[in-house]
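Submitted below is the structure of interest, expressed as structure tokens.
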Amino acid sequence: MKARKFKYLVIGVLAVMVGALSACANDENGGGGDDGPIVVGFATAQSGAFAAYDEPAVESAKLKIDQINKAGGIDGRKIEVVESDTRTDIDGARVAADEVIEKGADFMMVTCDFDYSTPSIVEAQANGIVAMSPCAGSTKFRTDIIPPNGFSMGTGIPSEAASLAEFGDQKLKAKSAYILLDPTIDYDKQSAEAFKQTWEAQGGTIAGEDTFQQDTQSVSPQISRIRELSEQPDVIYIASYPPGGVRMIRSIRSSGIDAPILADANFDGTYWLGSVPGLSDFYHSAWASLNGDDPDPQVNKMIKELTKQHGRPDTSIGSMGGYSVIEALEDAYKEAGTTKDTDLIAALETFDKKKLTIGPTTFDDTYHITLDRPVRIMEVQNGKEKFLQMWTPENVPTLDEG
Amino acid sequence: MTDVIQAVVDALSLASLYALLALPVALIYGIMGLINFAQGELTMIAAYGLFLFAAVTLPLAVFMALVLVVVAALAMERVAFRPVRNSSEETLLVTSFAVSFLLQNLALIIFGSRPKSISTPSSLSQSFDVGGIFIDAVAILTVVLAVVCIGGLVLFMNRSRFGISMRAAAEDFTMARLVGIRANAVISATFAIAGALAGVAAFVLVVQSGSAFATMGLTPVIIAFVATMMGGLGSLRGALLGAAILGVITVGFDQILSEELRPARDAFVYGAVLLVLLVRPSGLIPSNRERV
Amino acid sequence: MLEVQDLKVSYGRLEAVKGISFTINQGECIGLIGPNGAGKTTTLNAIAGVLKRSGGSIAFEGEKLPNQAPEATVRRGISLVPEGRRVFQGLTVEQNLRLGASIRSDKEIDSDIEAMKKRFPALEKYATTRAGSLSGGEQQMIALARALMARPRLLLLDEPSLGLAPLIVDQVFELVDQLRSEGITILLVEQNGLRTLELADRSYVLQGGRIAMSATGAEDFAEVEKAYFGAEDSNAVAKETAND
Amino acid sequence: MSYLRHRVLALETPILLSLILLLVTFVAPSAGLSIENRAIVMLINVALVVGLYSFAGLSGVLTFGHMSFMGIGAYAGALVTIPVVAKGSLLPDLPGFLANAEVSLPIAILIGGGLAALFAAIISLPIARLPGLALSLAMFAVLIICYQVEANWDSLTRGRQALLGVPTNTTIWVALATAIGAMFVVFAYQQSRFGLRLRAAREDEYSAAATGVNIVRERRISLVISGALIGVVGVVYAQYLGVFTPNDFYLDLTFMTIAMLVIGGTRSLTGAVIGPMLVAVLTYTLQQGETVTGPGLQQVGLAIVMVLVLVFRPSGLTNGKELKLSTVVTRFRQGRADRNGRSSETDKAMTAVE
């Protein structure tokens, strides 16, 4: 009798598959149409690790879309939204891109990471539309590495790392720096490398370098090695992300090492500060201050609006990136008059310190990411974060990126 | 010299943590042949328990987290593992994958993927300088908790009537039932203990890192799994020995590897594990348990 | 006291016991003999609740026994001493005995343990030794004593003489006789056919999962042997005759 | 004629399974690109789980390390197919013979599969000697070591950075060919005397050893075959993704493929094919449901279904049976006979024979 059930099972599986296939057989709908609404497809992570970055980006992008639609659209064309979840998967990124394309996307916003957005960009290219990541920071958004339709609204990692290095030198008067790298993600490897290059270029010394693992159960050896230095470093640069990086900061402080700590925008936001009670002398870069004290009133206004709709964002990265992706689309469309990739790419590549909410944005025919955008330096004292100053890097190193 | 002592202190504290992680896995395997990958999610549940109640007072949070995780462990056994209890070890294992996957994703839906901060008293994150050796309060806490838990468990398993029943069940489950030991009671008790140990481990992890997040159980359970297998599956002493060795070689490689090789530390650690296995295929202390 | 009716037990699709029925009265000693694979151990395990019965019923003292619940069966007053003894090797002899009393909570457990030690002097001597380190004969004594600690009214013995030296085998059979005279009902599974026939009040010869015949004493041995030769497994028969 | 018929009947199971996959391959592209790509991933997963089955299923030893072969295949295949020009900028420190290599997909498959097989052969020397669970853990250690090497050998793999520029040669037909090829190879192995010996050892190690089966040798053969197959799948998968990182052949995939195999049933080839198909269908269906419930349903739903399958069918959906038309036809006739009021005695007999 069991064998019979089994046969039904096989037939059932097949029936569901065939049914599912034919159900969506009529969904063909090419992108790049020039009339009707502009369809923006979000091929982003709604679940998995990257959802934390992508969801705020989608929320702020939708805020901008609402604002545009209320104002009558872009050149009279309203914006519609379609979405698909990448599940923080590399092959999911490809299928999610396919799905938003099938739903008629004319422009795609992809996930907040270079590696995981590349498959979506490739699919977008095959369908003649532009794909833009709201916050990926990799300098590999280059036309000789990825298809030319791929862009990132993010600030290049070297720009942030260089700003922090220059800030440490000029404002904190630090001469020696100690670099702690968590090599789990490529972002941090680039960040540490760029910091080191800038630091050495400006005449600082590297007191030491060490690595630790994001998921390690013990950071004592790393702490011991700092303590055993004959001379304590003036600053410590941490290239990592929460929670592993936060755990490192906690251990550094609890072991009595009180050198100022510098860190990039991975530590943006205040949600993790509770893990290191009373943290002081901590400086990190951010794309906006979420505390209402941002120097740019436009940013404060946008954050206020977002907070009203969704509560206070955890970090500034996604919120700034998502909003400005739509701003860029609006500006480039007004220039190009179409969403067709070649025209839109040409329009985007004319951006030269274009003023967007996220800050001056530059794309050229090689780099599809802004390399030299000022960052906000945030200061944490006694567990309280506040905006310290804007920093425009003077010398941004170019990482030897293949 | 202080280098060596410092390394010994570090290794001791890491080995204690690993022991806390490995014990419940070995305990459950011993009783029912299940390598419970969802043990990591028990740790995660306890950590979120601490997060939810930490705002009140820490003792209450610890108590509530323990209650929560023990209830979760019992529920896990009742709902997912009891129906497959008599299946093959691989079915049991994959059931635990599924449970682990389910709980992780539920946590992601409920709490999101950003870590939650938990503040613990600053006295727990102090550090003492003893003649050039730095000892963290959390290291002392880990060792003390491990010693108390292991000691308590050893006492319980050797002295109490129920503990002896559990040892009998671990050795020969059917025979234990034949003398009248109730299978359900023994298995439930084992899960309750595993839950409580997960709670203790979670407390240590939270004091270390100050945060709780959905995937925090993965690395601990892999460590527990490797330590248990290396020590000899089903043998509690083996699990403790395996945990100790894993802790020591992890700290050891962290000390001796050059900075270029250090990022690949785990390749060396697991190379050592592989060597141990090749020399002692049944683990360091093989258990005398027979699966019937 | 025990009524087995049309008992059937299957391992997957293989039916090992194909419907057997027999009755045991209070105070009797009944033997189950037969070649390897005849279904003796399977029958015993089904009564004890270790195996699930696929058909038939078992009633003890007028009440139907639950299916596949050994911890409940032992509470009804039936104890099994399984094949291979299966003492808890990692525990001490005394702990083994105490576990035998798992179903009891009365005050007489300690005195019962003392009584067992008197009865089996080896247990007294090795009370705090790990049971696994003792000899096969001593382990058989532990297994018996452990079963008796539950104060069973029906004792199921599976191959108690297997693998023991002849001298010890004598002791075991003597002990079984003694227990019967103390009023414990016994169901004995043995390959040692002749001695079982001598000892038991009645014996059943199992073959291929069915009762081939019943015998009452040593005088039936010739007939029993004949029944054995009907067995499919001729090796087992040869071994059996060699043993006897 | 009857000889031919006999041969075809002997290959009934893989032929039937191939027809099912062929049907999917025909229908899927007409439903749009996303479905086609899902179908490609499903076919690749079928090939992958079939490769896993050729060791874990036939030997009865669960392995946590076979995805290391996939990583080896993927990197080897990618390094010999990425255009030379791109390699110059992506991987400037590549040794000369790799830097100048640019081969077609079939050659890459041979190289990737061959390298994975070689690696499997080398590690099998000590590892195949280990008993069941120790072997599982040893393979897990191998996986972690391979992952660490891939993640840190920057000049060869770009480390944790994605390896880019891999030509995307894997069409749905390539994926289908891989899946069908894997099925036939594994089926032939399963029915060969090597496969039979391995399965005998799975059922009863001691009796098998007593009848002269050299378990260590059989496990070695199985490791090499499964290593080669999974290496090939690695090449094909990399040429589907075009971009990948060491993470794509690590824990998530390890757990997922084991789950697919166990859900389908570890004891039959049919199980290894049905498992990934069912997971693919379920994933898709649940994702459609997410438009109503919000994100997360897919993962949670999949986990719940997995638990349910294991509770109600602990030996997997196929329960050790192979898909056979003869059985299906007999059952069909049977059903009619039953409806005609005849006894189902033959049904019982059939069941007993299986």
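Going in written order, the chains are labelled A, B, C and D, and every chain counts its residues from 1.
The working rule: a contact is a pair of C-beta atoms (placed from the backbone, for glycine too) under 8 Å apart; a residue touches a chain by one contact, two chains touch by 3 or more.
Model, not experiment: these values are computed from the prediction.
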Both-way neighbours, i.e. chains that touch subunit D and touch subunit A: B
Comparison of B-C and B-D by number of C-beta pairs in contact, larger one: B-D
Chain located farthest away, centre of subunit B as origin (C-alpha): C
Subunit B and subunit C, separation of their C-alpha mean positions in angstrom: 42
Chain centre separation (subunit A, subunit C; CA means) in Å: 72
For subunit B paired with subunit D, centre-to-centre distance based on mean C-alpha positions, whole Å: 32
Inter-centroid spacing, subunit D versus subunit C (mean Cα positions, whole Å): 49
Residues of subunit D whose C-beta touches two or more other chains: 151-152, 295-296, 299, 351
Junction residues of subunit A - those touching two or more other chains: 47, 51, 183
Residue ranges of subunit B touching subunit A (in the complex, touch as defined): 3, 6-7, 9-10, 13-14, 17-18, 105, 108, 112-119, 122, 125-127, 129, 134, 136-139, 205, 208-211, 213, 215-216, 218-220, 223, 250-251, 254-255, 259, 262-263, 265-266
Sites on subunit B touched by subunit D in the complex: 80, 83-84, 87-91, 93-95, 97-99, 101-102, 105-106, 108-109, 218, 225-226, 229-230, 233, 263-267, 270-271, 273-274, 277-278, 281-283
Residue ranges of subunit D in contact with subunit B within the complex: 62, 126-127, 129-131, 133-134, 136-138, 140-142, 144-145, 148-149, 151-152, 251, 255, 258-259, 262-263, 266, 295-296, 299-300, 302-304, 306-307, 310-311, 314-315
Subunit B residues within the subunit C interface of the complex: 161, 164-165, 167-168, 171-172, 174-183, 288
Touching residues on subunit D, where the partner in the complex is subunit A: 20, 23-24, 27-28, 30-35, 37-38, 41, 89-92, 151-152, 158-162, 164-165, 168, 240-245, 248, 274, 277-278, 281, 284-285, 287, 290, 295-296, 298-299, 317-319, 321, 323, 327-328, 331, 335, 347, 350-351, 354
